[in-house]
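Pasting the structures in now, so scroll down.
There are two complexes below, and they share chain A, which is joined by chain B in the first and by chain C in the second.
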Partner chain A sequence: MIRRNIKAGEGKEGFPGARGFYDPEVWAKVTGRARYGIDLALPGMLQGKILRSPHPHALIRNVDLSRARSLPGVRAVLSGTGLGAKPYGIVFDDENPLALDRVRYIGDEVAAVAAVDEQTALEALQMISVEYEPLSAVFDPEEALLKGAVTLHDDFPGNIAWENRINRGEAEAAFKDADLVVEDTYALPSFHPGYIEPISCIAESEKFDGLTLHTALQSPHIVREILAGVLGLSISRVRVISPVMGGGFGGRVYGNLKLYLLAAFLSRAAGAPVKMQLTREEEFTVGRPMVAAMIKMKMALKEDGTFLARQADIITDNGAYSAQAPWVSKTLSERNDSLYHIPSISTRVRLVYTNKVPTGQYRAYGNQLANFACESLIDRAAGKLGMDPLRLRLKNCIGPGDTSVHGLQIKSCALSRCLQDAADAIGWTERKKGRGYGISAAIHAGGSIVFNPDFRGASARARLELDGRVTIVTGEQDYGQGAHGAFALIAARALSRVPGEINIVSRDTILTPFSIGALGMRQTTIGGRAVQLAAEDLLARIRDCAAELAGEEVVPEGGAFRTSSGRLIEPVGIAAFYCAKTSGLALTGEGRYVPEKSDYDQSGYGNIAVTYSFAAHACEVEIDRETGALTVHRFVAVHDSGRIVNLLTARGQVYGGVAQGLGMACSEGYIFEEGRVANPTFSGYRIPTALDLPSIETLFIQTDDPEGPYGAKGLGEIVQVPTPAAVANAVANALGEPVNELPLTAEKISRLLHGWECAD
Partner chain B sequence: MKYIIAKSLDGALAALQDTGTGRARVVAGATDLFLQEQPDRLIDISRLPELQEVTLEKGLLRVGAAVTHNAASASGLIWEKAAALAEASTLLGSPQIRNIGTLGGNVANAAPAADAAVALAALGAEAVLFDSPGRFYVKPFAGLYAGYNCSRVDSCREILAWFLIRPAGPGQGSAFLRFTARGALSLPLANAAARVTLEKGRLKEVSLVVAPAGPAPSRLKKTEALLLGSNLSGKTWSMAEESASAEVAVRGSALRCSVEYRRRLIGILAGRVLSLAAQRAQRNR
Partner chain C sequence: MDKQVVSFNLNGEAVRVRCDPFSSLLSLLRDRLGLLGTKAGCGRGECGACTVLLDGLAVNACLVPAGKAEGLNVETIENLSRGGSLHPIQEAFVEKGAVQCGFCTPGMVMSAHALLKSDPAPGREEIRKAISGNLCRCSGYVQIEEAIAAAADKLKD
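So, the complex of A and B:
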């Protein structure tokens, strides 16, 4: 199944035509001409601003809007009680567009204003008086679980937003019979995707039934449904148009629903378009970062290194409202179990409400958080067994044709090869003294078939244009990851064309087929397969039409058709013929990729995705033993994402994901002080800069996946998953003792080295 | 807001006086200005040629307040005569900030751990200030701070024009080090600068400044005194580390680091920066 190992930068560049091909939008971006949401303006547009709670937890006794309403230039002022909106949510309905009688974190939305300009809107906010009655608040999820802790939501006693228990095999017996049991507790803070463009939107409400929302989203079709529900509009009267996105990384699957809803309500009340834009501080304090996690984990092994069982007790910190946190917690609690053969699993996960920033999702859905715990504990076991951590992993790797402990059906899989190549590339057998080395592996699902069990696939349309070019219409989203370029390469391959002759139309819910959107590594795998099928369908129709035009048999020849008498019929001629014949129509093709229904059962056992991607990361680090400063010198990322569509953009994905993973490992993370975010800026929330990144070597093991287009599979989320653990393992190796908390700041490492305690 | 690009020093001083007390403010780089309250009028002095000069005259190194960090880090004269300042200018902020931010701005902004200011303090720099055309006075560096982020340079009334620095002669050297949580765009968790004079392989003069420790760059006088006469051995630098760590008064924060860690860090940096300055002094014959 493994065809060859392509070293990045050498030889093959991906699908035919990939060399030197750039999606036109790339040029717009690098030359500063791309129009992002922040750049958009409409005639007569108002500016919206939000009044937020200064209290982590309080009752609202009264909201007085009268003074704000009388300020000249103010067009609409809203509070929760006046909206008459139903509670809403993504997994469950625990939020209101504006707080009704209670605020649950510092930043909770209390009132909203639309005015002729931003200054007036801000002035109006200051004229709103709110009477609060502060309540006691809870910030630590373990404290929130204690009996007698203050409850955030009456519908969720004990502050448990969601919980799950999974038992497979005979974990208890396995621990009893094990030769070795290792255990530890791992802690990770909340991480923000840190996209450079803060979320913004323009809402235009129509007088009776209708809304157009301009905002860059990963899943515009799903957001459209939610907005229609809360606003009481017909779904087909809600149109979402996405401008170019300034970074998403999972944080813009649903974006900031509250912002869109408030813009829509304000626009409805004011009768004019309303623009709203989060500030950077708002992004950090009211945006939707990923859950913080505390993972107690225990592993049972045989003396020869065979994995027997894993037990985990996981607490994830939900913040004040849920968004996608239950799904994130689920992926976090399960995905790593399918990376190796582990016959018995016993996991408990609890998602807990606290009076802090509500959480959402970030690239990889928490897989990387649990990966840190799982892969660290494997190194610990290797140490106890006196076994090479690489060999211990290789011994237990899952492989092609396997079904994992949770029922995942592994088709293409080069996991062991990824591990071996990562180790070779970092110099595993010639490790230098004074340096630390770490390795970690990962699995991530490509193309969920259980997100909605009845809607598992994707569709696309293809159209032959009068100029002979082909337009692909898709509901999938390019948000910087290169999906449009990948679709062009896939369609070009199906049509024997060059990718520059393919137009891609997406980002508008009125024009495109329904899609789940850019999440769970769907775009290339599922969306790309639909594009392939649509192009193939179109090709067949063009061929029939060419034969009709020629009045004789035709065979395809380099994007055109050769008749049996030797004439060449070009696509332009076929398009013109069909257009005239039908009085204006174009030849179209449809592609429907409908993956097989899953056997997924009540206990969560069963296949969850069309395919799975794999990776192994390895790195070399050095620690300044006086200050504790950590330097990552070299980083190797080896990926099995099937056939590579475009090597250049594939490498870009890996560089970006590794950079984010290094940020998590070394410097990022929310810092809270009594529920208040202490670092709501990029100067305090330290994403890495170019100076902080090592050289990153990318390698691709090209398996041929039977499901993805021409053997390709996802490379969106997995790129970040093994990174934090690889760094943590390298640091543990350098220190000679385990680490169990991220990020690994110099201060933390200094404490581990010198054993000093913090007095404050 | 009105933004005036000054064409001459006298013109800038006249513009300050014309506007009326407190309503106009001098800027040179203005990289931190947009985080602060905006005055009615800004007078940009960063393009005044006489404030961009670096010269060695009458035994003094004269460095213009409008010299950008990048210009300082590219100046052979500053590297040779005041290496600590060149080093600080090289490490500060980010390429964009170093391109536009100036030494005078770095000092007048009065951030507690401004890198160039820490270097200038250790170099014993003096500041030349004008308050009206032709009228200037010279202030020692330590007198430039009024409190946290509050300078005694009143940029609504006076213009900081030059820094005067005693250039490194034979047996003299200086150095600067910073420790940050991130490679760029990061305020230092700690920084340190030193200037030393050697005589017969021993420390004859020592100036050691660290930050953040209080509102201004903090001179560690006890440690300086303790080191006088010491040789250039590892033992001396360990002694410096221990003494600096004990002497410095620091604060901690949830955002950056604990008191204990900062204390350790400042000690480590003090030992290292002194050793580096001494190596340079040895080479400077």
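So, the complex of A and C:
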């Protein structure tokens, strides 16, 4: 049920106590006292540097480390053959910490050095001589699929890293019977998460085979398992401690595993802590952007606008190694099918190796890439049917209680309301001449339960402290998106306390419960629910202890307890009583949120998340027909993320996500020249500045979700999903012609304008 | 390059440092003087995370040779909350939700500080121009702009 519709700056500010409450870490950040990875140093620390391949594809004939080893100040020099490490990966094992006999992209790691300072390490790199035998290379994924194309990995013939086909319903028949078939091909480049703090780490290898790694990660517990596996260590002897994180957006779920592994190997070899840090150029050239995608798509509709079927043939560009790209490709190929009622689906997706920068993940896992294709094609169909694109969407919207074509079980859902409100806010019925208008909608999974089908939920601990405050211990991660603040508000609500009385402890694998981490919009929905349950469990235990202390019945009153004889027992007294009684223990509560097991089957059919969030974005644009320059004048983002925990930070998520989506739509993207990244700088890659953005209006449709804590659902990833398509649809509307490629630079729009004039 | 003594005023105190005058002011501040509040995001003057004030003007410390500071006033984020209380700009950043990951925040606050010194009542366009050299990936700048406008009001009072 839709309860309340809040506009930014009006009405409620979120959960009780949200107004005027700020996560304490904000003070450290705003005064410059917060310590990020780049700020860290340890006594005796060495600096590590990596020698990288200048060739996109070559055999390594010989690596001579002897001169580098003899340079004064050098403490360790490593090449692939000396490491004895097994191949590793995230979905499959196609990487080595250092290349063994072959390099596969410009930037591939060949050797690593640790020295007393950065200058010495860089000098040592120049003293390593490597004999390469260049091989022919392939940069275009379609060429990589051709017979006779050079193969990157012997285990993956035809350069197909991963492939999937999905067939639901009767797509072939639907296309035969359809009144209208529309089709087109859409292309998107690789996008980088673009966090402003470059990834860094300090590895401390210890005697007796331990490792402490200082680096900010969205999923430290999972990275710990991977590191232990590659380094041959016991998991419990590997500890990951996260400093404050300078932006993640999916790029720090696994961060840069190779950097962490090399720091650990160097530290082991040198017997000292080793710090390593990517330069900004390295972030772009060897960091892990999201896959580029080529999407051939076809839709079948009835004359009245009913969606009948969708067919897609998708190629995603993996680069040289795969990391999470198979999962990204899977989400990309499926998620948008569950936004509307589409009875038949036929999809093929192929993830293809090329001799380019390896890919990873970025906020929303490719959902936004396919959204551009799907939502653009819906506008095409609306045009052919002579139907309003808004009305065509509203006719086919998925709704509460529905099960989607892929088996997603929709609980709370205000999708049609999001669309209608976005259209109203942008002035859909009073569209001005000379401007273009576009709308797009999105669904995103809120709290994945199939990342690991046996481990679907989250846990948390709550502890009553001697000062009466409550500490929540969680394995979930805050990196500025507001998770800690949300957890404090959730716990405060469960305990009838003010959020300022809640401490949050996370970011250290030795202290916190195992968690999958900050991905798949898990934090508020799944992590927050565990916090709620832990706080409720603690409250019951505090109450029992209060009754024992008082020797009579008690009832909760505010954060304290009233005895039947009228005395008030405060948490401080209860904590002291319990501590003395147990010789030092504290009252604790445990929260275990275990979502129902999914019916997810071999074909990928079934529910994949505890719940789903929805959104619709709309915008108004203007094209300068002389220069091709695109101006986005106004942007409206309407979201159903259930009950809003903290309106101030929720607005911040939407503004930031829209800005990233506008970057994808208007200016960002990798440019390659013969496999080399041609724009490995902020100025070349062009993330938006303050001058590039329109006014952004946010609106939240508050549904009450049955799964999330007090009705809340995830927000952090979906904020970017409908943005690129909304802009593309507005540009297509302004031009009167379809748009097939992002980003929509002035150059690209000029070429389109020019091309159409010629064609006419 | 040979080392030289560089003397300047840092956050109100006279300092004399022996350093390579062609190394960056950023590395002098962070690596030699331990002022880690100023961040390093690109080393090419493109992200603005290292913004400090040089005689009141916002500059990218990564592009300024240390020797350039000779005889000048250098102000960093550490100077704004001396004595433990927040500067009105910092207060406004907290209250308006302008801080997410926080990595751009010190540079952003210093750009705002330079702006409000020269223009106590800037319009939204002046604010946008003043922070256009400071990249933020989290916020879409909206709440940062709101914070700077609110800080201007606070400083008027």
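What we mean here is this: the second predicted complex is superposed on the first by the 755 of 760 C-alpha atoms of A that agree within 3 Å, B and C clash if a C-alpha of one lies under 4 Å from a C-alpha of the other, contacts with A are read in each partner's own complex, and residues count from 1 in each chain.
Here is the rule we go by: a contact is a pair of C-beta atoms (placed from the backbone, for glycine too) under 8 Å apart; a residue touches a chain by one contact, two chains touch by 3 or more.
Computed from a prediction, not measured in an experiment: that's the story for all the values here.
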* Could you look at A:649 and tell me whether it touches chain B, chain C, both or neither (first, second, both, neither)? => second
* After superposition on the shared chain, which partner residues are touched by A:29: those of chain B (first), chain C (second), both, or neither? -> second
* First, second, both or neither for A:247, with chain B first and chain C second -> second
* Counting only touches as set out at the top, which of chain B and chain C does A:146 meet: first, second, both, neither? -> neither
* chain B versus chain C as contact partner of A:696, first or second or both or neither -> second
* Return first, second, both or neither, reflecting whether A:480 touches chain B, chain C, both chains, or no partner chain. => second
* Asked: When the two structures are overlaid on chain A, which partner does A:686 contact: first (chain B), second (chain C), both, or neither?
  -> first
* Of chain C and chain B, partner touching more chain A residues -> C
* Asked: If you stack the two complexes on chain A, which partner ends up touching A:235: first (chain B), second (chain C), both, or neither?
  -> neither
* Structure fact -> Intersected contact list for chain A, partners chain B and chain C 682-683, 688-691
* Structure fact -> chain B partner, complex, touching residues on chain A are 626-627, 629, 667, 671, 673, 678-679, 682-684, 686, 688-692, 745-747, 750-751, 754, 756-760
* Complex interface listing, chain B residues touching chain A -> 94, 179, 181-187, 189, 252-255, 257-261, 264-265, 268
* Structure fact -> chain A contacts chain C in the complex at 22, 25-36, 38-39, 193-198, 244-249, 279-280, 479-482, 648-649, 651-652, 655-660, 681-683, 687-691, 693, 696
* Asked: What residues of chain C sit close enough to touch chain A in their complex?
  -> 36-44, 46-47, 49, 76-78, 80-81, 86, 90, 93-97, 99-106, 109, 127-129, 131-145
